[in-house]
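For clarity, chains are labelled A, B and C in written order, and residue numbers in each chain start from 1.
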Amino acid sequence: MNFKTSLLAGLAALALSAGAAAAEEVKIGIAAEPYPPFASPDSAGNWVGWEIEVIDAVCKAAALDCVLTPVAWDGIIPSLTGKQIDAIMASMSITEERMQTIDFSNAYYNTPAVIVADKSLDIDASPASLAGKIIGVQASTIHQAYANAYFGDAEIRVYQTQDEANQDLYAGRIDATQADSIAMADFVATDAGQCCEIKGNVANDEAILGKGVGAGVRKGDDALREALNKGIAAILADGTHEAITARYFAAPIYSE
Amino acid sequence: MMRLIRPMLMPHRLVLIALAVALALWCALTLRWDWLPKYLPLAMEGLWRTVWLLAASTFLGFLLAVPLGFAQAVGPWYLAVPARVFCTLIRGTPLLLQIWLLYYGLGSVFPQIDGIRDSVLWPYLRQAWPYALLALTLSFAGYEGEVMRGAFSGVNRGQLEAARSFGMPRFTLFRRIWLPQAINNVLPTLGGETILQLKATPLVATITVVEIFAVSSRVRQDTFVIYEPLLLLALVYMVIAGLIALAFRWLENRVPTRRPGG
Amino acid sequence: MEGLLDLLGLAKSAELLSLSPPGWGMNLLRGLGKSLQIAFGAFGFGLVIGLFGAYGKLYGGPVVRDLLAIYTTVVRAVPELVLILILYFVGTDLINRASEALGYGRVEISGVAAGIWVLGVVQGAYSTEVLRGAILAVPQGQIEAARAFGMPPVMLMRRVTIPAMLSFALPGLANLWLIATKDTALLAVVGFSELTLETRQAASSTRAYFTFFLAAGGLYLMVTLMSSALFQLLERRSRRGQPSLKGAGR
């Protein structure tokens, strides 16, 4: 009898401890992989970066109790639809394809996509010059979609994180990588990035590259979307966005 | 053949089989399979890569495991100890870490080696599959080295002594008696280990080798369909594992063994 | 000490690995703690499943035995990575639907809990086989005697079967524990924070791939070696009173 009751008590305790609904918090999903200078973990385990500061500012302006929740990038949309997180603010671009599954807030930054390659390589960002080369892109990104669509003559390698693509660019395994201009500007300024330089912007295609970076929310979650829009509009209006940008970048990265 | 069918005909098994068929039909009809035609060529390519990675790594790994096991079983200390250290290292660390260490770790030292980009090896060093093959081979060798050690130690000493007393040269003894007997003893274990190696192959998708797990991830990322690619993937792996199990059972039946006491 | 490190060219590595920021050592150790937590929980959960599974396979009816056979076969044939993904999505889906149906709103499932769930289910299949073999090895006479005394089944399991089968099960269980600790590395692919993910994050941020991966390998090796030693002690203790096999069969 003792054994049975203690076993039942143990199971009940386990079940209760595993399920604690926290209804007031808004879980903001960020990518678990480092993406400097937007979001990366420091050596103490805290997340720092431009995007992290913007998330804090937007949440404060919208009066939301936000909790940063790192999720693997290639599972981030299923995590949103599966309700493990409430919003995605992980430098995710607003594209038609993604809008079939989730809704987006207004954009909070907009930067072009660039090709980065070794300094000695004489190419620009056109499909012709990239024919026959090896291009690395991160999985599930607009850059992967763009490269598949436009750089069909090149070999496309898909990496789990942009950082791994950068590492292979440094190692010489790939000839070029396509990624966000700011993240790449940050990379070429580092020690490892001294090998390489930005070769140019890729030709814009709004259907694939999207209309800027916005916060993703579940379809129909209009309350949260409106709250985030309010927060974004607030920080754009009162100069917080500009102030955070000035701390990280030389030029503004938001355009109408 | 009847031996296989007869147990299946028991009533509860028939009900279970009927349920399974019904479940499969329901899955085939109600779940989303519209992505299948578009990704089928890529899936075939991925499947081929999985199979050849598995075959090549188990073959090469076994070739490496035989000397490793033999050295540990009967070798002098200067051969046995390094073999033991190698097996302990491989078995003590996760395969994922070994793969990343080989690929990214080596990759991070490439720029420091002058002239590497002009060397003959460069086209191979640039691609991901050599590293995948190397990591899988070393992993298999590490685990099988341990298995072969037990196998070599377990061969009936009398046979070896008899061969030596006939004046059989050592290498012929190894080739004709020791090795075949050892392999025969552990064939079931080797079959299990080959299936474990199959289960290890998806890890190379993390270093850009496009094998079948990578294809399923690609489908999930492109279309946001979660369950169907994974279920199909699980089915594919189960079929391959079943084929491996059948192949090893055929191998085991090929050698007539006299069971002790029989 | 610094001189020696300088000589070996390891000064920069030691700096990166130091325990206080800006060294990443503490991050790695935190990750190791999480890994061990998950491994421990998964091993325990797997043991519980294994116990029920073993009993089901030995004493259950034909349907139970077949279902358990399907469970063990599927888990042993499908790669852990695929199982982890399926179980993670299925598990969280089911829990959310259940809690919504019951009106509780959303249930928070921590990464550790999810990791324990997925790895535990995988471990359960292997545990079933190990425990089944071990229970079969318990002398039948002891079980019959206990039944003759009218001992209820749960008490029989607790007092006779489990202690007797431990010495047979321990080698297999030791292997399972090692598998559990190494399988936690797979959770890095799903984005759960544990040692391998922390290592990759640290290596990405500092570009010192060799340093961090070797350090992580060293940590795993330490865990493996210490676990093996511990299990050998446990085995020796559980075999106390049994005649030694040394010199037998000569």
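Operating definition for what follows: a contact is a pair of C-beta atoms (placed from the backbone, for glycine too) under 8 Å apart; a residue touches a chain by one contact, two chains touch by 3 or more.
Keep in mind the model is a prediction, meaning the values are calculated, not measured.
Peer 1: If you connect every pair of chains that touch, what shape comes out? Choose line, ring, star, complete or other.
Peer 2: Basically all the chains touch each other, so complete.
Peer 1: Write down the chain pair with more C-beta contact pairs when B-C is set against A-C.
Peer 2: Counting C-beta pairs in contact for B-C and A-C gives the edge to B-C.
Peer 1: Taking the mean of the CA coordinates per chain, how far is subunit A from subunit B in Å?
Peer 2: Roughly 36 Å separates the two chain centres.
Peer 1: Using mean CA coordinates as chain centres, what's the subunit B-subunit C distance in Å?
Peer 2: About 22 Å separates the centre of subunit B from that of subunit C.
Peer 1: How many angstrom lie between the CA centroids of subunit A and subunit C, rounded to a whole number?
Peer 2: The answer is 33 Å.
Peer 1: At least two other chains touched by the same residue of subunit B: list those residues.
Peer 2: 104, 107-108, 206, 226
Peer 1: For subunit A, write out the residues touching at least two other chains, lowest number first.
Peer 2: 78, 160, 164, 167, 170
Peer 1: At least two other chains touched by the same residue of subunit C: list those residues.
Peer 2: In subunit C, residues 89, 189, 200, 207, 209 touch at least two other chains, as defined above.
Peer 1: Residue numbers of subunit A touching subunit C in their complex, please.
Peer 2: Those residues of subunit A that touch subunit C are 3-4, 18-23, 32-34, 36, 40-45, 70-73, 75, 78, 82-84, 160-161, 163-164, 167, 170, 190-192.
Peer 1: Which residues of subunit B touch subunit C in the complex?
Peer 2: Result: residues 10, 12-13, 16, 88-89, 91-98, 100-101, 104-105, 107-109, 195, 198-203, 206, 213, 216, 226-227, 230-231, 233-234, 237-238, 241-242 of subunit B touch subunit C.
Peer 1: Quick check on the complex: what are the subunit A residues that touch subunit B?
Peer 2: 74, 77-78, 81, 101, 134, 136, 139-140, 157-160, 164, 167-168, 170-174, 195
Peer 1: If you look only at subunit B, which of its residues touch subunit A in the complex?
Peer 2: My answer: residues 104, 107-108, 110-111, 116-117, 125-128, 206, 208, 210, 214, 217-218, 220-221, 224, 226.
Peer 1: Show me the residue ranges of subunit C that touch subunit B in the complex, using the header's touch definition.
Peer 2: 62-63, 66-67, 73-74, 76-83, 85-86, 89-90, 178, 182-186, 188-189, 196, 199-200, 203, 207-210, 213-214, 216-217, 220-221, 224-225
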